[in-house]
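Labels A, B and C are assigned to the chains in the order they are written; within every chain, residues are numbered from 1.
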Amino acid sequence: MKLRTTAAALLLGMIAAMPAKADKLDDIIASGVLRCAVVLDFPPMGSRDEKNQPVGFDVDTCNDLAKALGVKAEIVETPFPDRIPALVSDRADVGVASTSDTLERAKTVGFSIPYFAFKMVILTREETGINTYENLKGKKTGSTSGTFEAIALEKDVKAWGGGSFRPYQTQADVFLALSQGQIDATVVTNTVAHAVVKSGKYKGFVVKGDAPYVTDYVSLIGLRQEQGLLNYLNLFVNQQVRTGRYKELFEKWVGGEAPDLTVKGVYY
Amino acid sequence: MLNYTFHWRPALNALPDMLGGALVSLQIAVLSMVIGVVFAVFLALGRQSNNKLFYGFSTGWVELARNTPALFQVYMTYFGLGSFGIQLDSYVALLAGIAFNNAGYLAETFRGGLRAIPHTQTRAARSLGMSAPQAFRLIVLPQMFRIVFYPMTNQMVWALLMTSLGVTVGLNTDLTGVTQDLNVRTFRTFEYFAIAAIIYYLLAKFITLSSRLFAWRLFRY
Amino acid sequence: MFETSLTWNDVLFLLQGAGTTLTITFWAVLGGTILGMLFGLARATAPWWLNAPIGFVLDILRSVPLLIQFVLANSFKSILKLNVTAFTVGCVVLALYTAAYCAEIVRGGILAVPPTTRRAARSLGMTYTQDLTNIVFPIALRVALPSWIGLTLGVMKDTALVLWIGIVELLRSSQILVTRLQEPLFILSIAGLIYFLMSFPIARLGARLEKRWREND
């Protein structure tokens, strides 16, 4: 199938019409491989173990999805800003990558129902004296380019005037910059913040208070026009919660009470 | 048919922002070139020096700049120096990284240029009563710059292209940074990057043409 | 003594990245050289209506940052729905980029052969092809080879940019290790050392060749 598509594409070149194609869901099942775009510098959702192999909540979720489809899972590492390009450029079939479901993005990709929810907290070093979100005013801040929290933080920094905001290409670079003092604080998801502090890899990192943003619901993503696949993803997320697997994975990677994935007072 | 619809209208709306970014890119390229040329003159002298320390330092700089990727150099000036507690701003780090690279490449160009100037010239200048620095500054350097002007123009274009690396160290005000910011917000990668490519091309042409004009004004007899 | 949590395993991981760097370099230089020779020959000998458009396209490739070219090619590929890997895209873009520079080197080499020499060859009864293969190429090679070596090394360093489209080469593997081990300076220095070791010996060889051949002139 793949071979034929390639050959056809090469033959027909750029302008020719492509032959009618089975949809993505068919393709995945036929190829026997599910390629998941996962962010691997975002513990506990995705990271690498000491053998440099991918592990984490998102990796396990991808494996579950592959199992449900009856195919093999393949993890495609993508930095945050590269998640959707990876999908659009067909390097991955689905994104299991903590993608916030913004309306701007929905113009380009399709979202499943939320499979996880984050609260944002402030991560800083002990000696900066930052205790609340208001303290960030006038400080050097930074976050991962294009994420929910980066967009919200940059907007506030601009509104405050003074201080600075730096977008980095990977979450790892943000932590590196924070530990070296290139920035004084960042806003990250609670899970990441606690995982990073607990790991003890960065000296002096502390979590200080919540950022006053709305809950960041994140979804699995697929191409916008692949309705068949998106339907499947919705049911998959539903089943993960229904069967208790969601709680189980949350316990394994994060611990504590698993966040509620529904919004009160409205249908999805 | 193609499964992608181009959204050019919102992309073109961002043109003013991107042109602002282009100015920043051009500024970094020019500054890095000025700093690079100054350092390169000293490195070129160091490469011919009998002083072991000066020679070693210059050779180390030149070989390091020429034998590692520019991306590596920029990443190193930001995160590498950062682990010594030296915190450069993204803009400064990028500028320093490119200037370091420029100096390394230009030093070798200058060395070739210096070699092409006969020693008799210096001797003639000295016998006219000039001091050694005077002879170098007034006789040797102007002739060298004439010889190396074309390779310098090339390096200037490269410096401009290298400014695109700033995005890896958190710079969001240059052309690539602005483009990437727009890209991650909307995921209309092709549209924004195509516009950026055209602007870079025009900037590169602008540099080539203006340096030709400059050379014509400067070097005519 | 200096302490690190870098294991032997991690060093192998870095070397694997270096392997990817070399593989991409190989394909890019191979493809780029073949294309570059064709374009260079066309630039040196073809009539203006063929020469000008080729020159224009190659000039664009030399005037747009590689980073932008990679991103553009990668997204364009997805728009066309071509089923090729990022690795292939990386190699093709880099090969075209190499070709753009190689063409100028080849052109310079060919134009460095004095027209009188070529006329002499033709008047000795050589055909155009014989003139090209027996007279022009050997002389042009001497002029072009040192620059070509420089170009190859340049391409090897430029492969670092493919990390942008998701390929794990040397620089990206070092970033991955930095993420896990938090020893940026040490690990980046190792990566830099590997680049240096891959590039420096060949650079010296090129410099020696250039010197030796110049003496013969």
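As a convention for this text, contacts are C-beta pairs under 8 Å (C-beta built on N, C-alpha and C of every residue); 3 or more make two chains touch, one makes a residue touch a chain.
In this text, all values refer to a predicted model and were calculated from it rather than measured experimentally.
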**OP:** Between the chains shown, work out who touches whom and classify the graph as line, ring, star, complete or other.
**Re:** complete
Subject >> Maximum centroid distance from chain C, chain identifier (CA atoms) >> reply: A
Original post:
How many angstrom between the C-alpha centroids of chain B and chain A?
Top reply: 36
**OP:** Can you check how far apart chain B and chain C are, centre to centre, with Cα atoms defining each centre and the answer in Å?
**Re:** 20
Original post:
For chain A, what residues touch not just one other chain but two or more?
Top reply: 18, 85, 88, 176
Original post:
Out of chain C, which residues touch more than one other chain, so two or more?
Top reply: 71, 75, 78, 80-81, 178, 184
Subject >> Where chain B touches two or more other chains at once, by residue number >> reply: 3, 79, 82-83, 167, 189
**OP:** Would you pull the chain A residues touching chain C in the complex into a rising list?
**Re:** 2, 5-6, 9-10, 14, 18, 40-41, 47-48, 50-52, 76-78, 82, 85-86, 88-91, 170, 172, 176, 179, 201-202
**OP:** Would you pull the chain B residues touching chain C in the complex into a rising list?
**Re:** 2-4, 63-64, 66-72, 75-76, 79-80, 82-84, 157, 161-165, 167, 176, 179, 189-190, 193-194, 196-197, 200-201, 204-205
**OP:** Flag every residue of chain C that touches chain B in the complex, lowest number first.
**Re:** 60, 62-69, 71-72, 75-76, 78-81, 153, 157-161, 171, 178, 184-185, 188-189, 191-192, 195-196, 199-200, 203
**OP:** Note which residues of chain B are touching chain A in the complex, please.
**Re:** 1, 3, 78-79, 82-83, 85, 87, 90, 167-172, 177, 180-181, 183-189
Subject >> Contact footprint of chain B on chain A as seen in their complex >> reply: 17-18, 80-81, 84-85, 88, 104-105, 107-109, 142, 145-146, 151, 166-169, 173, 176-177, 180-182, 225
